[in-house]
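The structure appears below as C-alpha cells.
Naming follows writing order (A, B, C and D), and every chain is counted from residue 1.
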Amino acid sequence: MIDLSVDLGFLRLKNPVIAASGTFGYGLEFDPFINLDDIGGFVVKGLYSRPRPGNPPPRLAETSSGLINAIGLPGIGMKRFTEEILPQLRKYDTTLFVNVCGETEEEFAEVVDFLNGFDGIDAYELNISCPNVKLEGRCPALNPEDTYSVVKLVKEISTRPLVTKLSPNVTNIVEIAQSAQEAGSDAVSLVNTFLSMAIDTETRKPKIANIMGGLSGPAIKPIALRMVYQVAQHVTIPVFGIGGIMTGQDAVEFFLAGAKAVEVGTANFIDPAATVNIIKQLEQYCQTQGIDKLEDLIGAVDVSS
Amino acid sequence: MQKDPSARIVNTKHWGDYFLFSIESPIIATQALPGQFIMIRVSSRDYPLLRRPLSIHAREQNIIDIFFQASGLGTALLSQKTSSDSLDILGPLGHGFSLKGKEDLEDREVALIGGGRGIAPLFFLAQELRQRGAEVVVFYGGKTRSDLPLKDKFLKNGISVSCSTDDGSFGFHGFVTELFEAETEKKSFNFIYACGPEAMLEKTGQIGLQKDIPAEFSLESMMGCGFGACWGCVTKIKSKMGSEWQKTCEKGPVFSAKNIIWLNENK
Amino acid sequence: MIDLSVDLGFLRLKNPVIAASGTFGYGLEFDPFINLDDIGGFVVKGLYSRPRPGNPPPRLAETSSGLINAIGLPGIGMKRFTEEILPQLRKYDTTLFVNVCGETEEEFAEVVDFLNGFDGIDAYELNISCPNVKLEGRCPALNPEDTYSVVKLVKEISTRPLVTKLSPNVTNIVEIAQSAQEAGSDAVSLVNTFLSMAIDTETRKPKIANIMGGLSGPAIKPIALRMVYQVAQHVTIPVFGIGGIMTGQDAVEFFLAGAKAVEVGTANFIDPAATVNIIKQLEQYCQTQGIDKLEDLIGAVDVSS
Amino acid sequence: MQKDPSARIVNTKHWGDYFLFSIESPIIATQALPGQFIMIRVSSRDYPLLRRPLSIHAREQNIIDIFFQASGLGTALLSQKTSSDSLDILGPLGHGFSLKGKEDLEDREVALIGGGRGIAPLFFLAQELRQRGAEVVVFYGGKTRSDLPLKDKFLKNGISVSCSTDDGSFGFHGFVTELFEAETEKKSFNFIYACGPEAMLEKTGQIGLQKDIPAEFSLESMMGCGFGACWGCVTKIKSKMGSEWQKTCEKGPVFSAKNIIWLNENK
C-alpha cells in the first residue's frame, strides 16, 4: 500500500489532490460522477458576504489548450451557503475548504467571521487574486503590502487554518508569498488564472463580454510550475500547486517542484472524475517508481547538472 | 447524468457537413428525455480542451443518435470518427422539453420549428409527442436545399414537414418563421417547440405571444462543463426580482419562451 | 488590391508581418523555403558584442500548445555578424531589425554604437526582456526605472529607430511600456517569453538543463493579446504584437487589439513558410471582410457591450 | 531542403509499435542522402506543436521510407495515419554519413551497428555502401526478439545481419556492442557507422578507438525546427578552442565519433 497522505502541519490530507475553487461548484455537482470521500479535499466556489449575479455572457472562451473565464464570482452569499449547502456537505469524509472573497478587506473579514460560527469547514482559502474582481481598483495579491494587510486582518479573526491564494500576474511572486507567510498565512496556493483576452475576428468583439478574463488549463502549466518551484524555495509554509493539472504525471511535476498538495481546476470540467483519476495515476506512478510515501516526492526535483 | 467513457459509435451517415451518428450507450439512452443533451470529448488530448454539447436527436433502446454540423474544430474532429470508434460522453444532461401527459397532448396541434442544425432535438421530441397522441407538424428551415437533410427522415416516420429555404431552392422561399406564421393563419396550434438560430427563436417567440401559443425553446450557449459546475453558460431569465442568470446546462437548455430575455448585444 | 502596408511613423513596412528574433536565425536559414522579400521584415537573432556559446542542452521542451526554450543567446557576436552575415542580408528587399542584447547597459550601447557604422540595418530591437539572461541579476524590462535608463542611454547613441522589446513577466506592463516611450523608444514590441519550467517525472530532472526557460507558442497568445491591448491604450508609439501567432486570424486579433505590426516566432519552426502564409491569410481576411487597408483594423476591437 | 506539404503515404507496415511508412515525395526523395532526416508535422493543430524528426530509412525513386517506434504522443499520432493520407514534411535535412567514393569503399569491410529504432537510417546507408562495392555487415541489437523487425528485410536484400537481444530471446545474448566487439576479434573492419541509444554509441566509440577504426554516429537531439533556425539541438563537439556546441540538425545528425563529447549528465 502506498501512503498518499500528506501532513500540512495544520491539517492532514488523506491524499494531496484537492478540487480547485470555481471548478467544482459546491461539490454536490460532482456527486453523480465520483465518490467525494475519495478525494483529498475540495474548495467550494468563491463566497462573498452577499449573493452576486456574476458577469453577463459570454463568460467563457476556449483557446489553445486553455480556457478563459470571466464568470464574475456569482454565488448565493455566505448566509444561504451555510443554510442550504453546508449541511449537505457535512456528510462527506474529505477536507472542506471555503474560498473566501471580498471587495474590501472588511468583507474578507466579515465572511470569515461569519463562517467561524459554523461546523464542517476545515480551512479557508483566501481568494485575494481573482483577476475579474476589483478591490478598490486593485486585487491584493498584486502587491506585498496589500497581501500582508488582508491576510493579517483575516488571520486575527480566523479560528481555522488559512490558505492564501496567489495571483500569477505579478513580477515577483516569491515576495508576495513571503508577505502572506509573514502575515500568518498557514499555506499558500498558486496559481489563480492569468489575465487574458481573445477576440472574435468576425464580430470584432472580445470573446468574453467582460473583455478580459482569466486563463486556466494545460496552457499555463509551465508558468505555474515555475512559480511553485520558486515559491517553495523561499517559504517554509506548505505550497499548494495549481495550474493545468490534468493527469497524475502533471501532479507529480508539482510535487517534485515542492508542492505539498495540488489543486485540480479546469480538468474537472473536461472529466468530472479527473480528481479521482489523478489519485489513481499517482498511486500507479509511485508503484512503478518504487515509492512508498508520496511525501518523499515533495521538492525532490534533481537540479544537479 | 453519468459518464460513459466508451460509448461505441454503431452507425454514421452524412450529408455534406451534416452528420448523424448512432451511439450505443445503455446507461445514457435509458435515461434520456427529449431536449436533453450530451457532452462529448472530441479529443483525448489537451486541444481542443472542452467537451462539445450536442442534443440527443433520437433514442432507440440502448442507442442514442446525435445530429450535428461540422462547423468548427471540435465538430470537425468528431465528424472524422467512424463506426466502432468509442466516444467519451456525459449525459443525459439538462432539462428537456416539458412533456405534458397524454391527457394534455392527445389530439393537440403541436408545431416544431427547427432552423438548420437546430432540427436535432426535434426528432426525438416529435416521436415522444406522437406517442402521447399529439398532432405534430415540423417546420424545417435552412439557408438552402442542402441544409434540410432530415426532411425525408421525418416523412418516413410519418411526421409531416413543411420546409423553407432562404434562397428558395426548396419549399417555401423565405424564413421558416414566415412559413410558420402563414400557417398559423390557417391552423391553430396549442404548443410551439423550437430550436435554431437566436433570430429565429426571437421571432418565433413574438409569433407565439401574438397568437397566445405557449412556446419552449432549446438554447445554445458556450458551455464549460455541461453539468452545473462552471457557471459559464448562463441565460438571462425573468424572475421575481426582475431577471437572473440561469445556467443553461442545468435549468435549460430548454426554457419557456416567455421567460427568456434576449441579449442581442452579446452575439 | 488590398493595401497591407503600415506606416509606423519612423518606418514604413510593406506589410505588418515580421519574423521574431531567435526564431528566424539570421534570416538566411529561411531562404530555401520562402522569398524573404515577401515578408514585412525580420529580426535577426539576439546579438551581443562578443560571441557566446549559449546554454548546455536540453535547451527545448515541448508543452501543451507551447515550447519552452533556454537557448541562452548563443551567437557570433557583433563583429562577425557585420562581416559574415550582414553583407548577405543587404540583397533582400525587406525591413531588417537587429535584436540587440547586453549583459550591462554599456554593452547594449556598445553594440548599437558599433552597428551604427554599418549600412543595411533599418532599426534596432532592444531585447531588455530575455528571461534567460541576467543584467547584474535583473532584466531591465522587469521594472520601469531600469527600462527607462537603458532605453535612454541607447536612444542617445542610436542613429536608427529603436523598438524596445518587453517582458510579460511583470505586474504592470503598461507602466514599463510608458517608461520606454518616455525614454525615447520609437516603438515597443511585446511579448517576449514567459519564465517557465517542466520536469521529467522519470528522471526527476528539469526538462531544460538551465532549469527554467521561456514559454512561447499558442499557449501564451491570450495573455500576450491582453497585454498588447492594455499597452496600446496607454502609449502613443506603435506597438508590435507578439505571442503565439500561427495564422492570419491570430494576427488579426492583435491588430484589432491595437498592434500596428506583429512578430511571428515559434510558428516559423513548425512551418518555415508561416510568415508568408499569414500574409496570404491576412489578405484573404481583408477580402472577405471588405477591408481595403489593413490599417483600418488597428485598434478596431469593438468593446461596446 | 524543401517543404512538401502533401507527401502521400503509399504503404504502411507495422510490427508491434514499430512502423514502416513509404511516402511519395519526389522533391525530397531525389535529393536524399543516407543519414539525412525529415521533419514531419504530426498534427495540423496546436498540439502537439513541433514537428518530429525521423531518419530517411530507404529511398526508391520518388519514394522515401521512414521506420519509427511509436514512443510518445507525436509518434503515436503519426502511427495512426494510413495509406493515401498526406503528410507535411521538410527534407532532406542535415548532413548524413560521409560516403567515400568507390575507390575508397570497394571491398572494404564496413560495420553498421543499430540499436532498436536506431536501425532506421542504416538500411539506406547499407544499400548505398553496397552499390559502391563495400562489404557490409549489420549488427542489429534489441531488448528482445520483437525489437528486431527489420532483420528479414536486410537479409532479403542480401545484406548480412548479426542480431543480439538483451534477454537472449534471439541471436547473441547480450548487448550489440559485445557482439560487435567479439566480431572484431575475427575480422578487421575499415569503417563503423552506428545509430542507437547513447550508451551503445559511447561503447561503440571506445571499441572504434581501441581498434583504430574510424566511426560515424547518427545522433538524436530534441529539435525545434530541424533546419538550423532555433539553436535548440546542440551537441558538444571538439574544436580548436576545446569544444563548441554544434547544431545537430545542421552539422549532424551524423558526426565523426572522435569529435563527440558525451554529456551523460543531461540524459
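Quick notes on this structure:
As a working rule, a residue touches a chain if its C-beta (ideal position, glycine included) is under 8 Å from a C-beta of that chain, and two chains touch if they have at least 3 such contacts.
Because the structure is a prediction, the values reported are computed rather than measured.
Comparing the centres of all chains, each the average of its CA atoms, the largest separation from chain A belongs to D. Centroids built from CA atoms put chain D at 54 Å from chain B. Distance between chain B and chain C, defined via averaged C-alpha coordinates, is recorded as 47 Å. Centres computed as Cα averages put chain A at a distance of 34 Å from chain C. Averaging Cα coordinates per chain places chain A and chain B 36 Å apart.
For chain B, the set of residues touching two or more other chains reads 46-47, 266. Counting partner chains per residue, chain A shows two or more touched chains at residues 56, 64-66, 203, 209, 217-219, 305. Taken as a graph of touching chains, this assembly is fully connected, with contact between every pair of chains.
Remark: chain C residues 64-65, 304-305 touch chain B in the complex. Partner chain D is touched in their complex by these residues of chain B: 45-47, 73.
The touching residues of chain A, when paired with chain C in their complex, are 56, 63-66, 68, 142-143, 169-171, 194-199, 201, 203-206, 209, 211-212, 215, 217-223, 225-226, 229, 244, 249, 252-253, 256-257, 285, 300-303, 305. By the touch criterion given at the top, residues 22-25, 29-30, 32-33, 45, 53-54, 56-62, 64-67, 69, 71, 74, 203, 209, 217-219, 246, 266, 268-273 of chain C touch chain D in their complex.
The residues of chain B lying in touch with chain A in their complex are 1-3, 41, 46-51, 88, 90, 221-225, 227-236, 244-245, 263, 266-267.
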